[in-house]
Amino acid sequence: MSKVMGLREALKRYVRDGSVLCLGGISLCRRPMAAAYEIIRLGIRDLHLIDIAPGMPQILLALAGSASVVEGCWHGYELFGHPYMWRNLVERGPKETGYRFNDESHYMLSLRFVAGWLGVPFIPTYTARGSDLWNPEFDNLWDLRGKRRKVAAKKFAVIENPFKEGELVRLLPAINPDVTIIHAQMAAPDGTTRILGAHFDDFVHAAAADHVIITCEQIVSRDTLAVNPEMNLIPSVYVDAVCQVPYGAHPGSCLGYYDYDPWFLNELVRVTREGERNPEVFKRWLEEWVLGVESHDAYLEKLGLRRLLALRADPALGYAPELPRRLHEMPPPP
Amino acid sequence: MRCLHHHKEVKHVNGKADYTALEMMVVQASRMIRDGEVVFVGTGLPMIASMLAKYLHAPNAILCCEAGFWDSRFLHIPMTVGDSRWYVGSTWCAGQSYMFSLLQRRRIDLGFLGGAQVDKYGNINSTGVGVQLRDGYYVFGKRFEGSGGAADIASMANRVIIMMKHERRRFVERVDYITSPGWYVWLHDFKHGRGRVRLVPRWELGMWGGPEAVISTMGVMRFDEETKEMYVESYYAELGITPEDIKRNTSFDIKVDEAEPAEPPTERELELLREHIDPEHIFLRE
Amino acid sequence: MSKVMGLREALKRYVRDGSVLCLGGISLCRRPMAAAYEIIRLGIRDLHLIDIAPGMPQILLALAGSASVVEGCWHGYELFGHPYMWRNLVERGPKETGYRFNDESHYMLSLRFVAGWLGVPFIPTYTARGSDLWNPEFDNLWDLRGKRRKVAAKKFAVIENPFKEGELVRLLPAINPDVTIIHAQMAAPDGTTRILGAHFDDFVHAAAADHVIITCEQIVSRDTLAVNPEMNLIPSVYVDAVCQVPYGAHPGSCLGYYDYDPWFLNELVRVTREGERNPEVFKRWLEEWVLGVESHDAYLEKLGLRRLLALRADPALGYAPELPRRLHEMPPPP
Amino acid sequence: MRCLHHHKEVKHVNGKADYTALEMMVVQASRMIRDGEVVFVGTGLPMIASMLAKYLHAPNAILCCEAGFWDSRFLHIPMTVGDSRWYVGSTWCAGQSYMFSLLQRRRIDLGFLGGAQVDKYGNINSTGVGVQLRDGYYVFGKRFEGSGGAADIASMANRVIIMMKHERRRFVERVDYITSPGWYVWLHDFKHGRGRVRLVPRWELGMWGGPEAVISTMGVMRFDEETKEMYVESYYAELGITPEDIKRNTSFDIKVDEAEPAEPPTERELELLREHIDPEHIFLRE
């Protein structure tokens, strides 16, 4: 029972306007960017985004107008620059923009996914005490609570620990996204997924979800993945669709296969920085690299073979050791 | 994802030194790392400082990051939190739920944090300034990247070291938004409704740990044992910094009485940094 | 900073009379049997045993008088036979025997360890509703609650789900054993532990504990385990002691190294079955195989090389495919 | 660890059949497994039944066990729940917290259970009979192995099949102790204190799933859609069993009106069982 299908077909089948969507990976690494691009091309809107370590794809979906509700802890590009345009979006406020960003911390989100994985309704925590993340005045989803599907009835609750008199404990509601999309190195047609390197909590991202789409560098046979099964992160049961999308995490990295693309990232940050004054700059970029590109294959064609080869990982190390990385003095892109 | 790359803009202060303020910060941080400690580092200077410590006095320090790599022996400097460069030599490949559970179980000895604002009690703001309620929603005059794991680290690492660019607008009396709790926090009282705020010491909230030092581009600050207020321990004299410079670039009243010139980097430290740890000059460029 | 030490030294350092002890593995597989034997030899008593899948070592500690409190879900030998003598112990009741067995289910225990791993005080669950496991009249630790260290203040609590009006949710208290002992295939001197095959929740067994002792078939270098680090289950931070104990799971199996010992298990079941009428039979066995044996090396000597070789695993399969397994018509032991 | 090995003691009933009651049970169980289902099996007959189904009508059924092996293609029959034989062909190696979370997330299609007692509502006792409070502690007249994962499976698998030796002392009006909940349970009311018990349908407790069939050494029982009471669907006529035999060996009043002779095993089924699946005759010996 093969779950192999095209990326567009998988997205059309599982992601709808208003879906609660989780995109795996962390920061600039192993993120399902091809899927994010395709969601923008499909014109899917009003997404509720939630994952443990949001960043590049979530920013793009926000700037492209695809997302309206985000429960997140961070948005940025690390060394490559600040989340320009996105910060303006947040500064203008939900009333004006229709875009809500609700702040939590990594561990708060992580625990909410753990609860989702386990199938329990909430989970206690001691984290971030004293932080304004727990400030009850700060809840940008207040008017959606009890109204919008899968927005928790409360941001959090406080109870007395029934096992320890007098101790107040904070409870966080579980998360069960409608769809989680994960980019992996390898997957089998039955959905078995192998991830090399740190898994960035992609197991709980997948296990908490109602549906899972895996995009992967390579589809391999089930029997290949039955060798050293300890290396497999996500079992077939969680997975609904397997899509072979080589370089599907570009411009981010995918351990063992390719490195991040510093030329592309520099450019992306540049157009969003300039886009703060002149949104046309970003619009042109979006048209050039996303909307005006027919598919991920066409995107890779446009990047060109020489660029993709320059990013290719050294198989022993997992990344491209000779990649130029001094961002202020990059040679021209290959 | 506690990002310290704004430090790349720090200019070398003309003094008699042959090293930069960034290098000085890294060296100061490195010396605070003890052998055998589990060090939770983000991308940037703390990572480099930890590697330096491992080359010198703390060979058994364990570097880990929120992305899930454990005890990495990276050969090239990671530029992002999940960078594949972290993989080399790692003995465990986990994810955030694993790494942060170590914090909640008090297994992380030392965490490093940066941010846009720090106040006298070591509260850090990396979320945004000019926070206000508008149409029922909270918004910011200027928005930053956000907590990432900073709030978790600040609240649950056994000790925390803060690294910041030293500017008046960054060293403030009270941060606009507490992303990461320090020694005393302005707490919104759940029981008494909106707007009720009181200053509460972290230990009253059942919290352990707390910020131990602030390493800035000008000097090293610590927190008074009694008052938990920040004071200047040392200043980068060789880089031309005086205690007065620090006072002038701090918008709260900071004690400098006991401040001494900071111990400069050794040749060995600088050589390791420049030639072995960051030969690509990704973080340590001027 | 090597954590390598002898098994006896490790046990003396971390396990005391009254300790809360968790023994990893499941049923007859990859259980720290050498450690259980050594605990009996050391005369440690009044242990509070808790793990997700108790069985062979916990029965032995009960019959040897080392354990007095058990939170468990099952005790037996599967196909090899019933838990003779142990069932008598339970039937006679705590007042007479001083031995308490408190029933939970696999998932109840598993969730309590998950909570212990995460560092949260309790965890909700929907499992086992309608089962007498939740019957408030049945709690054999009632008089220890609030009195004995690490016995939870309550067996469970019921609260209304603060995120869903009217829904009652059951909460289970977290477990943090004093010491978890796990038998693994490989460990490095720094404590990094690799487990082949299903991990039987040994990660949460370890991560929830205050101290961890790893007994392993082979100590290998840290750098060996840094190849395919995805295969490593337990990172160094959790581990206090690493003890090289070949065949440390005998008479149980250890995937990749050896199979279970059907001759030994048949004999163990026989002496406990006969022991129900005549306790001397079991006492003699215990003297012969545990108390009267100086160390695990001596135990292996006594078993003999030919027996150990007969159990040796086929490296391609992970077990001994030619092992005689028709329990009622076994050939004589080699 | 839902152990069915007491079935090894079941004697062949002399009829016209050339197969045993055990083989018949396995065949009946196998036919209830649907293609593509995730089947949570313990050690013993259900494992063999599942393999048989995979050879025939359900090649895509996924076998998993509480120990954590996923989708095994074992070459030799496992004898214990964590048996290394499970490893062969598995594509995932997890542990109990993973496997049981699948139950709580309603991802397990079918679970098999055994036990020492079953009652007319499909409640199972695998903990002990003669339960009583003595000196404040609960004890048993006769103690068994205990729940293991049985209570979890019974409460959270989407459907459950029970396999039991058919004896009067095992098929009882009401089990002494509910290890694994069936359709109606005698519930101890938390709110009203000790001793207050009421009979509650499982759906009122928010539970899904429920026992679908009981496959015994004499026949196959199902539960009435309305009353949820057990009735006889079929009996092993070829093994010399009559509906009256079942009635006589059941201590509650069981409906046999609609009972029909069970469909016997095919030659192919018996060949697969005897020559391919359990050639060592570990489970299927007489």
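As written, the chains take the letters A, B, C and D, and residue 1 is the first residue of each chain.
Heads up, the rule we're going with is that a residue touches a chain if its C-beta (ideal position, glycine included) is under 8 Å from a C-beta of that chain, and two chains touch if they have at least 3 such contacts.
Values in this document were obtained by computation on a predicted structure and should not be read as measured data.
Across C-D and A-D, the chain pair carrying more C-beta contacts is C-D. A separation of 26 Å divides the Cα centre of chain A from that of chain B. Put simply, the C-alpha centre of chain B and that of chain C have 43 angstrom between them.
The residues of chain D that reach two or more other chains are 87, 90, 93-94, 97, 104, listed in rising order.
Residue positions 111, 114, 118-120, 125-126, 167, 197, 199, 230 of chain A are each in touch with at least two other chains. The touch graph of the protein chains shown belongs to none of the named shapes.
Inter-chain contacts occur between A-B, A-C, A-D, B-C, C-D. Looking at the complex, you find that chain C touches chain D at residues 25-30, 52-53, 55, 72-76, 78-80, 82-83, 87-88, 90-95, 100, 103-108, 110-111, 113-114, 125-140, 142-143, 158, 167, 197-204, 253, 255-256, 259-260, 313, 317-319, 321, 325-326, 328.
Chain A makes touch with chain C in their complex at residues 111, 114, 118-126, 152-154, 157, 159, 161-164, 167, 169, 171, 173, 195-197, 199, 228, 230-231.
Looking at the complex, you find that chain D touches chain C at residues 1, 3, 5, 43-44, 66-69, 75-76, 79-88, 90, 93-98, 100, 103-104, 127-128, 131, 133-152, 154-156, 177-181, 185, 187-188, 190, 194-195, 200, 202, 205-207, 280-282, 285. On chain A, the positions that touch chain D within their shared complex are 1, 117-120, 188, 190, 192, 207, 222-223, 225-226, 229-230, 232, 235-238.
Those residues of chain B that touch chain C in the shared complex are 36, 38, 60, 62, 70-71, 73, 87, 89-94, 97, 101-102, 104-107.
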